[in-house]
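The same chain A turns up in both complexes below, where it pairs with chain B and then with chain C.
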Partner chain A sequence: MNAIAPPKRAGVLKRLLRDPAAAIALGFVVAMVLAAVLAPWIAPTDPFDNNLALSMKPPGTPGLLLGADAQGRDLITRMLFGLRASLMMGFVATAAGGVVGVLLGFLAAFYQRWLDGPIMRLMDMMLSFPAILVGLAIAAIFGPGLSSVILALAIATVPLMARIARGSALVTMRLDYIEAARAIGMTDARLIWRHLAPNCLSAIFVFTTLRFGQVILLGSALSFLGLGAQPPMAELGAMASEGRNFLFFAPHIAVIPCIGIFAIVLAFNLLGDALRDALDPRLRF
Partner chain B sequence: MLRHAMQRVALVVPVLLGVLLIGFLLMQVVPTDAATVRAGPTASPDVVEAIRRDLGLDKPLYVQFGLYLWRLAQGDLGVSIINNVPVTQELGATIGPTLELMVASLIWAIPIGILMGTVAAYWRGKVVDRAVLAFSVAGGSVPVFFLGLLLIWFVGFQWQLLPFTGRGGPLWTLEGLKAIALPALTLGGVFIGPVSRMTRTAVLDVLSADHVRTARAKGLTERRVVTAHALRNALIPVVTLIGLQIGFLLGGAVVTETVFSWPGVGRLAVGAILSSDLPMAQGTIIVLSAGFILINLFVDLLYAALDPRMRAA
Partner chain C sequence: MAPLLELEGVARHWPVKGGVVRAVDGVSFTLARGETLALVGESGCGKSTTARLALKLIEPSAGRVRIDGADITGLSGGALRRMRRRAQIIFQDPFASLNPRLSVGEAIEEPLIVHGIGDKASRAARVRELLGLVGLAEWQAGRFPHEFSGGQRQRIGIARALAVQPELIICDEPVSALDVSIQAQVVNLLKDLQERFGLAYLFIAHDLAVVKHMADRVAVMYLGRIVEVAETRRLFADPRHPYTRALLAAIPRPDPRRRGMVTPLGGDVPSPLNPPPGCRFHTRCPLAQAVCREVEPPALEVAPGHRSACHFAAELPVVERVAEGGLSPVAARRLALFGQSAPSTLT
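Right after this comes the complex of A and B.
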């Protein structure tokens, strides 16, 4: 077994940080995730605390760095909690859709003779529905809400993830060490988990990072349309939608959440591109 | 070619049936009784019962699905719960504006995207290339509604240059053109990034191909090499890749229509869902899905027509 050295991962972070854009993106993502996780403790006020005297105060007002929204709620607090909701939505949807998709992709590749056809035809059918239509249909069935959006985004992620996992697994399946592991009588489950999965990880990881940005973008769009998070909940897309009504009086209420979404999605896209180059330049989607 | 086309069309049939089945099941989860709604609040129980029989609501589900398909074939998608207007009538009025918006967006975004991608590929690694790449990554990260709100704020509100609510009339009138300008800029704006990125990759592939080297070796001008030999061959993958982005365009259209109060199918769908108008929501989702599937089919067939090698796949 010594002949097959595990792929070196120690150098990945170093290679990633050599690209300044990627380094900034990574730093930004880490900071945002920390801010979102710690929101209840670091936010200056409660996200639902409103003070109508402060309504629509512009950014830079003493005590209100980012200003206040139409109901006089502190926008820093709202942004922190909005970030928390948006990232949580992206994380749950990507993780749920990713796990199901990767599992289906592995099964299709591993049991190619029986499962590849049925599973991939099903994935093709799911791909016939763009994410926005899945979002509309789910919202029509279960009613608008954050959980509807998460469900829709997870469903829309499954076939994409299955394709990536299957493609990557098919390449790995042809390698000699899989044959060797089979020869010593390893069970299928152990073979998939211990030998197949680790080798497909980089492709899946890169795709997940890029997908996360897309999921946030789609989810915030659905929330903006009113199909996702419902007021008074703080979620970036829903906040932009509320702010839209006051665009001509206080543009910052809509613009600040929009900039937040833009920055997060941009950071994940840059990070995904850089990860692809650092992990395996041959990977192309 | 014909064989390939038949195979592709055969694949679309089960997907379309799936769409209709989902649309049908959508109506089954609603707690409200369609017969009561159609009869109106003042109708007697006898009338409701008659309508129920008339609509086939007393039959088993699979029979109802058959009846539903039969009514659909006759162009009957039900009646809106909110304003009692036939769903097909509303759809007929909104499909035009949606197509208008999509065409108006693509008509400027695709040429500009292709131009940007070609320029970037030709000067690979230079400042121009980096600028185009940065633009396309940033463009792919902007929420559609952000771009729309910015245009409304600056062009529409601050500078008072263009209107930003609703459709101004037919496109051959000045009002019509003015009204579609900002929505088309918004939707097209988010589309330039993907198009330029795909074009760049495709042109880069072709630029290193043997026939381009030959074209250079026989002394053709650079301009002719790029336009006649490289770009022309690169356009085939670009056509497909643009086709694959139609879903993305559709999502953008739904948001753009809402931001600019554009009277299209997307806005109709969102409004119907928000007001729990299920027949209308069902109709819009069916039409949008079917349209998307048919456009994909068209792009596939176009690709096979452009590149005979694809017919085997």
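Right after this comes the complex of A and C.
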């Protein structure tokens, strides 16, 4: 049996990198994540080291590449730690909201007769509250802080994820291999885990990437409003908020964190779009 | 001994806006061990729904399904799982019937894992054996479905169905998505496996040439009901229901002299949402009388093993050879293809 093996299909990563915008976005995201993870080791100073003599020094001052904020803290250090907080917040909120939402979406699709109505109407109710309002309510209950923001964003993510998961599960469930799996007699849990979930994953993965960017933006907005990270903690939205008082004489304090937010959200959006193209089975090969 | 599969008055009604769709409306038949019963009929007549009802993939609205005399309609949990070992299904669309994320080996092994058959090594050996049985090579176990052709995928689906050594396989139009030459290979494979393992097939099809080759008996469905059942040869030679006659007459025949001789059925299948009263076929039947519009004909035996649900079943004239000389030249050539020996291994 000597058949010539057909060439392996190009991997997702390879197809992803064919798009230059996606390659740049991916590189940027990887660099940001590395910088955030390694912040305590690569930051030039401590994030809380203040030196009022350096207060509001503009970018380019010797030793202060990005300048200093009102308290005279090095903005490079603040940005690194702010990035750390923002990415962590985005990651935890997206992951927590995603897991719960995907689970609910699968259950709604799989047990359509009993659970679809109740679960999806609950999701509709949750969707009708803007994330900012949820954040306000949770901050009112638990007090402002990063964990309140994470909880609020996770709650706001659940219904969106549930809708995506339910939608792609409903499409997948109509395929014969799901029926074949039923005919084999496996448990529902195995069917969902082995047959349903893997085939819905690409849609969920793409949406997660896009949602990650939105969550960071929303989280920064909540922090900007003072509901999230509290001073002296560094967080991109909170830093922009602190900087807004000095917008006219030291604009860099607010502008630099905003550029950071903008770049991260843009990178995740580009990545999400490119992933959708790379994972779309109709565009394979 | 009880028949392997028995359906008794099985119905499935789907509630929809403004009524109830009677997809399957009181179907009864039996299937013996090692036998092939073909279920034929137009699209939408309820063939596939009947297949899924027989496997309890869909719950019947009424009626009983028995496997080996045991009612399976109320089964759940472990008992249902044990039933699933006895009856499997293969599908029409070879592209939708395999999970694209599982390798061929994993897909064939999975039923064994689910039913706790064997250990890892013996399962791997069984997968290799099954691949051989359906004419695939062992090394292909590590490949993924998208690397195979339609015919090969259909073989993989057959291997998966065979894994648990079922007694009954429901074939839901297993060849209608394949090229004619590949159809022959797959049909021959199915016949081969039937002989080796004594399988019973419920063979759903709309291609009468394939049915004639495969089936021991044929049941003709129309609008959710079986209108005629008979042994294959009998049904083709002496159909006793006008719908069966129309189906047989519709087999294409490339013979210019026959032009204009065939009167195809007019009109469309009535909606199963609102089936006509009396005989369901009377709206399209060339022989319909007043009685047909009012009284539903019972399925009466016109000869041993031959039932027809037509008021005039016994009075229908002997057909002017509906199947003259058996089959058309095209169908005959296709049958010749089917007659060729066991399929060779595909690479």
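By our rule, the second predicted complex is superposed on the first by the 270 of 285 C-alpha atoms of A that agree within 3 Å, B and C clash if a C-alpha of one lies under 4 Å from a C-alpha of the other, contacts with A are read in each partner's own complex, and residues count from 1 in each chain.
The working rule: a residue touches a chain if its C-beta (ideal position, glycine included) is under 8 Å from a C-beta of that chain, and two chains touch if they have at least 3 such contacts.
The structure presented is a predicted model; accordingly, all values stated were derived computationally and were not measured.
Student: Which partner chains sit in contact with A:A183 here, chain B, chain C, both or neither? Use first/second/both/neither.
Tutor: A:A183 sits against chain C, while chain B stays out of touch.
Student: Who does A:F129 touch here: chain B (first), chain C (second), both, or neither?
Tutor: It touches chain B, and chain C stays clear.
Student: Going by the contact rule stated at the top, is it chain B or chain C that touches a larger number of residues on chain A?
Tutor: B
Student: By the touch definition at the top of the document, which applies to A:P198: first (chain B), second (chain C), both, or neither?
Tutor: second
Student: Considering only the touch criterion stated at the top, classify A:L175 as touching first (chain B), second (chain C), both, or neither.
Tutor: second
Student: For A:P251, decide between first (touching chain B), second (touching chain C), both and neither.
Tutor: First partner only, chain B.
Student: Should A:F224 be classified as contacting the first partner (chain B), the second (chain C), both, or neither?
Tutor: first
Student: Quick one: classify A:A70 as touching chain B (first), chain C (second), both or neither.
Tutor: neither
Student: For a test of understanding, state which residues of chain A touch chain B in their complex under the given definition.
Tutor: Residues of chain A touching chain B: 125, 128-133, 136-137, 139-141, 143-144, 213, 217-218, 220-221, 224-227, 237, 240-241, 244, 247-248, 251, 254-255, 258-259, 261-262, 265-266, 269-270, 273.
Student: Using the touch definition from the top, list the residues of chain C that touch chain A in their complex.
Tutor: Residue list for chain C touching chain A: 52, 55, 57, 80-81, 83-85, 87-89, 91-93, 96-102, 110-111, 114-115, 137-139, 146-147, 157, 160, 164, 345, 347.
Student: List the residues on chain A that touch chain C in their complex, please.
Tutor: So the residues of chain A touching chain C come out as 1, 3, 6, 9, 175-177, 179-186, 190, 194-195, 198-199, 281, 284.
Student: Can you list the residues on chain B that touch chain A in the complex?
Tutor: Touch residues, chain B against chain A: 14-15, 18-19, 22, 26, 29, 137-138, 140-146, 149-150, 152-153, 157, 246-248, 250-251, 254-255, 258-259, 269-270, 272-274, 276, 278, 281-282, 284-285, 288-289, 292-293, 296.
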